[in-house]
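Here it is: the structure, laid out below.
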Amino acid sequence: MEIFGLSSSALLSQLLLGLVNGSFYAILSLGLAVIFGLLNVINFSHGAMFMLGAIVTWMAGQYFGINYWVMLLLSPLIVGLVGIVIERLLLRHLYQLDHLYGLLLTFGLTLFIEGVLRSIYGASGLAYNTPEALGGATDLGFMVLPNYRAWVVFASLTVCFATWYIIEKTSIGAYLRAGTENPKLVQAFGVNFPLMTTLTYGFGVALAAFSGVLAAPIIQISPLMGSNLIIIVFAVVVIGGMGSIMGSILTGLGLGLIEGLTKVFYPQASSTVVFAIMVIVLLFRPAGLFGREK
Amino acid sequence: MQEIILETIGLGKSFKGFSAVTDVNLKVTRGTIHALIGPNGAGKTTCFNLLTKFLEPTSGQILFNGFDITKEAPAEIARRGIIRSFQISAVFPHLTVLENVRVALQRGLGTEFFFWKSGSSLNVLNDRALELLHEVGLEEFAHKETLNLAYGRKRALEIATTLAMEPELMLLDEPTQGMGHEDVDHVTRLIDRVAKGRTILMVEHNMKVIASIANKITVLQRGSVLAEGSYQEVSSNPLVVEAYMGSHGGDAL
Amino acid sequence: MKLPKLLILLVLLGFAIAAPFFAYPIFLMKILSFALFAAAFNLLLGYTGLLSFGHAAFFGGAGYCAGYLMRDMGVGPAAGIAIGVLFAAALGALIGGLAIRRQGIYFSMITLALAQMFYFICLQAPASGGEDGFQGIPRGDLFGLIDLQNDLNLYYFVLAITVAGFVFIQRIITSPFGQVLKAIKENEPRAISLGYKVNRFKFLVFVLSAALAGLAGSTQALVLGFETLTDVHWTMSGLVILMTLVGGVGTMAGPFVGALVIVLLEHRVGEIGNFLAEITSIAWFNSLGESVTIVTGLIFIFCVMAFRRGLVGIFTKK
Amino acid sequence: ADQPPLKIGFITDMSGLYSDIDGQGGLEAMKMAVADFGGTVNGRKIEIISADHQNKADVAASKTREWIDQNGVSVVFGGTNSGTALATAKVAAEKKRIYINNGAGTSALTNEQCSPYTIHYTYDTIALANGSAKGLVDKGYKNWYFLTADYAFGYALEKDASNVVLANGGKVLGDSKHPLNASDFSSYLLQAQNSKAQVLGLANAGGDTINSVKAANEFGITKTMKLAGLLVFITDVHAIGIKNAQGLLATTAWYWDQNDQTRKFAGRFMEKMKRMPSMVQAGDYSSTMTYLNAVKAAGTDDSDKVMAQLRKTKINDMFTKNGYIRKDGTMVHDMYLYEVKTPAEVKSPWDYYKLVSTLSGEKAFTIPPDSKCALLNK
Amino acid sequence: MSNVALEVKNLESWYGESHILHGVNFSVRDGEVVTLLGRNGAGRSTILKTILGLTSKRKGSIEVFGKETIALPTYQIARLGIGYCPEERGIFASLDTEENLLLPPKVSSGGMDVEEIYEMFPNLYERRNSPGTRLSGGEQQMLAMARILRTGAKLLLLDEITEGLAPVIVQKLGEVVTKLRNKGFTIVLVEQNFRFAAGLADRHYVVEGGQIVEVVQHSELEAKAELLNGYLGV
């Protein structure tokens, strides 16, 4: 069977690849959405945190011989701690101000972190191998899918839905959402909100680091690896509806698929298609696909 | 000239299946102060939002001076002479008090899109603006930044700004809310004074205010009209007493 | 009150006129174009409260347009710039027309998205020269009279454009139109209820801002003699936001100061580093030149944490 | 007498994507050349001033202009990034100052936009394309598929390479254009695989090449296709890791393990920079040396006289044998096609390449009849 | 019961640079209802905010159920058993009505349960799935009051709770306050509506210029009516 001059098996394999990318977008935009939705901070340094996640993984392997599986846990923790320090020292003082200031600060941080790492590790990248257990590939009939990619989809979706559950279905989530609007009042109800925001930022950043670990074996690890991704991930969050957790997960996956198809039919446009979709979505749905209108 | 300035026919609004306003037929007579009262959530603010098209009605028609304005945009309605105030105070906080009023007057000049014209061309409006400020007793604050005004004065300023539009019909949503007693009396007198020559439709929970200035009262409950008439008539209506005024009657407040 | 302000302005103008005898003119012209660009952006952000994340499209787009006219169609510099401005205004009408229907962050994102699509067009269009850039824009001479090959002549031409741009912006802000803009920024629903068709105002100011950004962009193309994708990329839209914020939003001087700081950073960190190394004899400073991004990053962090209202804010009380 | 120093300007990407290929390392190589030359020429002290152009053409051009106008540099060396190189070359030509580029790909520097003051030293897209395509087609790899960066540079590489493929009796079965800095290549690779071509030509650079090679391994493409990187630096191979890079074909102008001279230079460089020099950094060294020799021979730093001297001298050093600078500014020299070793073959760190074939300079670079440069054909 | 629930001594407070409270002293025993009266801008709301540490700086002493709180962070003060109903209501737009109602965590046992609350405010029950800020002005006011009744807080700081409510509801709120008082709650009421407050409180404090300028016991109301009139313009 052929669709648009493409065999259905080829189409299917492209869709599957789209899903793999989509799960990266999903988890990255999820972290961004958590931070935006709950702290009202546009975390420009999300890409840098993604990169840190990957580089920390590499460093642990290089200098201490710690393997991938340990780092899958450890790297988000370490980067999460970095996030906590940033929040405590800097971000904390900007909450009452316009979004722009958080954006500017995290932008500055990004330049700084990327610059420092680049001057240490250079720009061309560091090599990291796929863990043994996930090497090889599985023949699905219509394509051969590397096992590692299948793992990526599984791991990121699991984390995404767990996060969604915590935020939308537990009272922690309600405190956080309320605290975004009126942090003082939430504290006046007896909630230790400053601690919660700190942890939330750490958590959002840890999500980025987690996807950094997932990416380490398949994408070139370099200090600049996050900067190309960040703007697309922003677009995903906006299309999904700023702050909507489920929105960013589903949009991330969906856009991965659409981008995958674009790569077949008009590959040059594959990084622009996201923006075209964003314009169309926003013109018809003012607050994004899943966003609540104010 | 029409006797009835504003009329709604079968006006309705529902939010995702919840019907906030249903089949409201309102007739506002020119030159009167008409009050809209009713329990919380009865649909008063929603009615205002419909009349000024801040919300789109789900059913019904709105006639202003006999014209059907149901389809018009908020700014067009304002240009026809229906001006509203907001339940939550609405001023331009970083403009001076004088500028606040002038922004409203400015529309009359027809130069609002003239980005090349000098700002001093607006000074011709200063006299009229000061006059309006005088009317609400804010003259001495004319050059203060509005932000720093006390709450009651902000409400007064809002009324001045609204007056500057020379509205035929003014919609006031709880103009005395959050004011101290002095301010309430002050604003009540102010409304009564500016009502000369125009029509006012107002929402208010303060029965003292209603009793002293409203010519006609419509009571809403659950989105539809429960009763209508003068203060005497309405306040003796047992349905209204039960749904709204309570056993003390408006008097107690 | 009025006199000293005028005096300051005159002194500044005097400085500007004398500047090319002390500093490198091309460098100064670049600062001027960026200052104008930032001021155009600030008209939107600082005075109307609209954050556009797509102003690079107008800046770079006008640059390409003017460059194309001057190099390939033989149009003179003045006409080239003028048409560049019109082009930017038209592009502004297109992007603004769509974007102003949305509020807040969604407005910003639509401008970003449309500007990225414009970037894509620039990238793909054969005429732009891709990432090699559109090279070799001739400076020509002004109305056949003044030879712009001469750096000094060009400098005064650019200075005149910039000053005119600033005066124009000042005029817009204080005009009856500007007064309504301020009101919209402060309280949009109230402005609507006073009978203003808010979207028309936003549209017009967006187009004006785009046109002014285009003026800055075409001027820069003339000064540098080429136009590249850097100028239409989203990072340029980001840069102009930074300039404005670092300088001070909603002030006339802010964009100028911001442009100065950013351009200085881009061009002079190395020298500043060498200078610091010399006076402190800490050799490490010598490597500053290779760490522009680190230094820039630190400055932003510092600015955000220490002077919220921008550098200009240090001098204005409140 | 107290003569003013001879100033050399060096502008390149010191902090961005290409900073490993040239950047600090390039500056170091030039400093080595100056030191090896003796630190003075014609009694003048030699000074290098450098700047980071951040891959912005405006920064590169205005810095260059300023150096010439205000600092009195005698020559400008430029590094990676075509846009900045073209802009800088324009300024230098206007000011009649010599501009020597190492690391920009665009052949326009010596073709459509050639100038009497520009020298393009290490490589250009034509030489790279010729090096890979000719060598492989000659070995019987006739069916090609291209993975191309969607940029002028990628297009040029692809066009030049496919011309060579076709001219030598090969076939091009298709291509995929990908946006610059794409992070995921699996989709394109699958398309390439479906084409059943023998060779996958990578008409991209840096991170894009690295990511495509990584993904090609993951998806098992390398089992059915030969990967030919049209612009691969040794640092890229290092970043990919030998396990994934093995079997990759790469064209280069210089490799550290060619002979004693190259090894000696590489050793010294390694000591300073903790990594092996790329061909661009070797070119930086060689071109600085060549320039200084010419200044010495001409007895002046006058641009026209030095250019004349440069054009008539053969270049023989650790970088090239019998290289020469043509009228259009191309430094004509041999290009080499290498294959990346298998992990088992690697004996020491950075021991990555084995030679496949050598292409003489005349065949590698644009042949004069094809050139649009007015200088060449008059 | 005559333990002191709230003891405020020499309280000073600032918003940024502006010094608002200049030495406020008062104390409320367990189970008492007191009101803070005064003109707009007198500083009544500020007193409540300062007790919870919501202003930018404060000085003096505040003991809540015998514990000094001047150095504690807001959330710890609240956990001592304070329920706060702010004047700007503070309904959360991103939560629906029921989530808003359930938001404040329980600080001790003995709070009302949700059924009881819905019974008291049927409007809220009807609109429970609507986003919090889509409620009408008055409904939001009810919600702000209702949600702290759940938490089991024994000291209630209520700021202008009758504002914008229909007379019937105001009347009902009066009954609620009486009921709460009978249950042993301690209540500090900031009121504009003197008639509402007069019948409920044991004691009235008149605030002016950031200080307490007059104390009127319930029994002295008649006698000091003139005086109050002067302060409040009733």
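Think of it as A, B, C, D and E in the order they're written, each chain with its own count starting at 1.
The definition used in the following text is that a residue touches a chain if its C-beta (ideal position, glycine included) is under 8 Å from a C-beta of that chain, and two chains touch if they have at least 3 such contacts.
All values reported here derive from a predicted model rather than from experimental measurement.
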Going by the touch criterion stated earlier, list every chain that contacts chain B and also contacts chain E. none
What is the graph distance from chain A to chain E, where chains are linked when they touch? 1
Separation of the C-alpha centres, chain B versus chain D, in whole Å, is 74
How many angstrom lie between the CA centroids of chain B and chain C, rounded to a whole number? 44
Chain centre separation in whole Å, for chain D relative to chain C (CA means): 35
When centres are defined as mean Cα positions, the distance from chain A to chain B in whole Å is 49
Interface hub residues of chain D, defined as touching at least two other chains: 15, 150
When you check chain E against every other chain, which residues touch at least two of them? none
Quick check on chain A: which residues sit in contact with 2+ other chains? 115, 118-119, 268, 272, 294
Listing of all chain pairs that touch each other, if any do: A-C, A-D, A-E, B-C, B-E, C-D
Contact residues on chain A for chain C in the complex? 42, 90, 93-94, 97, 99-101, 104-105, 107-116, 118-119, 231, 234-235, 238, 242, 268-269, 272, 275-276, 278-279, 282-283, 286-288, 294
Looking at the complex, which residues from chain C come into contact with chain D? 24, 26-27, 30, 123-124, 129-133, 135-136, 220, 224-226, 228-231, 266-267, 270, 289-293
Chain A touches which residues of chain E in the complex? 52, 54, 73-76, 78-79, 82, 84, 86, 90, 92-95, 99-100, 102-105, 107, 131, 151
Under the stated contact criterion, what part of chain E meets chain B in this complex? 39-41, 123, 127, 130, 134-139, 141-142, 160, 163-172, 192-196, 232-234
Note which residues of chain C are touching chain A in the complex, please. 51, 98, 101-103, 105-106, 109-110, 112-114, 116-117, 119-120, 124, 234, 238, 241-242, 245, 290-294, 296-301, 303-305, 308
